[in-house]
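The following pair of complexes shares a single chain, chain A, combined with chain B in the former and chain C in the latter.
Entry: the complex of A and B
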């Protein structure tokens, strides 16, 4: 009996060991590429069969900042992302409210229509956007690139916000009005604090979407509106792997921040777009 | 007039609130899509006249069928492998082993970081001087020469899975977590083995989640652009081919590119509809 129990225990441990091996392999498979970028960006003379770079240096970062003009590129990226987030949020608040809380015939159909840009490959409408923007002289302007980003960001924001507004409890609002609060007071003291986390997560997600957006930027950018992803792409073409790695390390910072935020409060389903119904 | 407004006040208000969403949809998606469609029927370099020459010349080429085949192959291979990875992974994560939070966060890494950075890291990791080849040649001595993975079809599939499995994994995990443990307990009490519980209870119940996630993975992989652009080498799926029409040729071949884009969008829509139909049937019965 005792040996049997020991045997079962060992089997259980073996199972656990197997599970951890699998999880660890998975973890390494996902993360080691970033470790290699990090090492590449601080290493010098890393050739041949060496596991680690023989010398450490910060030269590639200096290069990235001076040669590829990071301060301006970063400014472009942030300005464009800021405008895109602003426009998307302004679009998504009323539309999300209507879709989340009001009686609308054919709500499902409207929602699917609005989400259609996420179902069609972006390159297909990016071609059209580029042609329209050429005519309107919006190519190579911050506002132009930002508006192009809205095509992708707005459906996202509407999705997140409509589910936030939908989750708002009617009874809490009623209670406020029963207690004598007028509409304005209810809005500022009850509604706004309740939906703020949703609006924040929508802002975070649209910001990263715009910050990382590549396809639509590539079709609408110009010399004055080079963003970080485009700059990284150009650097890959130029073939300086070390400088490109340094650029990538800078490009990755907001993503890490978003990961941190997600881990703290936001549900990951929202990140993939919450296509529960598809 | 005034009474009309009064009577339909609620509906008009709703419409007004939906207006910004519609404006962005029509202005930034529908109209550009229309421009793309119209342009695809224009003779090269002209703004008037109609022709279907771009479709016939693109679809007539043997290379076009290869490109479409490659795009579908990559998307389907990526979807299948993502499911095969996600199911065991999420089943393990559900048991809440120590450190499961870290692994949960790991799932989200590929979709949070910019695709370009991921692609660069993968190229470094799988390169002939990357750690994988160092491990194979020096650590384990499995092979003498570095294995070529970058710019091969196998490599591209690996990169696709790395980038797009998250959609399947996250959706599967959230479905799995929402599953009522009572079902499994009932089956276990009734004498089912763990394998039987998994095969007959858990998998059918989470199937809708797996399906929804795999659709997302498929869509992302089918429309993938930045990944194959820098890691594809000579393998160019549709999105990259479209871009090459504009980037490589001077003057840019907008008409040909538009025709290819229309074909791509249609293929994706048709395949998605088909996919939902086929995969929904077993769960419905």
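Entry: the complex of A and C
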């Protein structure tokens, strides 16, 4: 009996060890490239087989900020992301409501169509978009780039919101109306607070998608609409790896901020239907 | 002031081709607890939703407290309702949940706090004000639902299978608590359930529904002892239905022919000689004795086809010339399979059921 217990304990420990090993590997796998970029962005004369830069400096950041006109690039990126988020959310709320709460024939087919832009290679899609945009004079406009982004942002938003709305319990809304609340008050006191986490996470997801989008921007941008990912890519072409790394780091900061927001805002227990017993 | 708090008058509700309520007429007295009882799909929830206003009847009127509310939206009907799945607001604390109807009615804060406190005391949930619904057990959640329904003292309390999500023991406990609360507050209540035991234990009156029709309305004892239809008899408790033919109609009794034997039963209206009817009796009202000596009135001869020991009673299937009669006895006397017995159908326990009677709306 004792040996069996010891054996089980050892097995449990082995399982734990294995789990932690996997976790560590995953952590390294995700973080190592970032670490490399971080080191590259603050290192000088770091070539060859050296494991660590011989000199540390912040020069590349100064260079990146002055030479590549970060304020304007950042502004472009945020304006485009803002428009893309706005349009996507406006499209996704009614669409998500219809898909999540109404019985619609061919719901699956509609869903696949909506997800199509995410299924085909972005470059193929971007080429088509560019062809149309040249004719419509939408190239090198904030709204144009944003519209291109909507094609891949909206599917996310619709997916998130339709499941949010689907999880909204009809009987809870009925309870509100039996309690004496009219439609407007039910909406503001019950519906909105219940779907808010879903809307927030949809906004966060679409924002990061647009903020990080490269392929679609590359095919639709112009001198006035350079975004951070594109600027970073251009810096690679210019051959200054250290400046590129510094730009990448700057690109990461808002993403980390958004990640922090997700953790704070989207608490699973606040989501619709997150109560036990039912 | 009319005697009736709630009236459904000739209400018909259709969903496409399905008639969910077929000319339902129900009148519920002030301060009474009426149960709508029936299997799923019988139309009891549809009828309830006509009272709440979540359903608009295709035909007929709905009156609450004498006023026609057929076209009044749910939120202006001043109702309290308890839901099967509790339907609490998950993003609000217990206090905020119970406060919600008061807040909607624009009461001031001090008044609200006092009334919420009273309501939570009523359901014995003091001290849980700051909890969220998800932090409570099922029973506690349903108490919150009850407090929310009662807090603004509505005229009518509606309960839609409020206990079916709770475990058996809690269900029985809550059953009496709800009954007690309803009586203490003197509130008119409509209780929807498919559980016949719950209906009999709780109700002042029961409306048994099937296939969109009200089959019978009556006190639990009336429903149990004098079922109007085969469905009602079958749905509530165990039943024997014995095919019979009317052979004599007298002032004191009706005589039936059961497999060639004469059985006297209490008289009923609308039977005539030659009519095919069903003789209904509860299996625990039937008496058995060993087949010795002469048969007495209302006894038929049969043989024990099957016997089952049920702990506190025996369950026999007796074969009476091809007709099976189920008998439950509590007596010490045991009968063996194949034994010849006399089956006594006591006159005062026998009922005649007309098969043709399906929709007996009252």
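The definition used in the following text is that the second predicted complex is superposed on the first by the 231 of 278 C-alpha atoms of A that agree within 3 Å, B and C clash if a C-alpha of one lies under 4 Å from a C-alpha of the other, contacts with A are read in each partner's own complex, and residues count from 1 in each chain.
Simple rule for what comes next: contacts are C-beta pairs under 8 Å (C-beta built on N, C-alpha and C of every residue); 3 or more make two chains touch, one makes a residue touch a chain.
None of the values given here were measured: they were computed from a predicted structure.
With both structures placed on the common chain, the touch criterion links A:181 to chain C but leaves chain B unconnected.
In the overlay built on the shared chain, the residue A:74 is in contact with neither chain B nor chain C.
With both structures placed on the common chain, the touch criterion links A:168 to neither chain B nor chain C.
Looking at the shared chain after the overlay, A:143 reaches neither chain B nor chain C. Contacts of A:189 after superposition on the shared chain: chain C is touched, whereas chain B is not. Applying the stated contact rule after C-alpha superposition, one finds that A:200 touches neither chain B nor chain C. For chain A, the partner that touches more of its residues is B, with chain B and chain C as the two candidates. 269, 272-273, 275-278 are the residues of chain A that lie in the contact sets of both chain B and chain C, per the superposition on chain A. Contact residues of chain B toward chain A in the complex are 10, 13-14, 16-25, 28-29, 31-36, 39, 85, 88-89, 92-93, 95, 97, 99, 101-118, 120-122, 124-125, 129-131, 134, 137-138, 162, 166-167, 170-171, 173-174, 212-213, 215-216, 219, 222-223, 225-226, 229-230, 238-239, 242-243, 246, 254, 257-258, 261-262, 264-265, 268-269, 272, 276. Residue ranges on chain C touching chain A, taken from their complex, read 52, 54, 73-81, 83, 85-91, 100-101, 104-105, 132-134, 136-138, 141, 148-149, 152, 158, 165. Taken together, the chain A residues at the contact with chain B in this complex read 16, 19-20, 22-23, 26-27, 29-34, 36-37, 40, 47-49, 51, 90-92, 94-95, 97-99, 102-104, 110, 113-114, 116-129, 131-132, 147-148, 150-151, 154-155, 158, 208, 211-212, 214-215, 218, 228-229, 232-233, 236, 241, 244-245, 248, 251-252, 255, 258-259, 262-263, 267-269, 271-273, 275-278. Contact residues on chain A toward chain C in their complex (touch as defined above): 169, 171-172, 174-182, 185, 189-190, 193-194, 269-270, 272-278.
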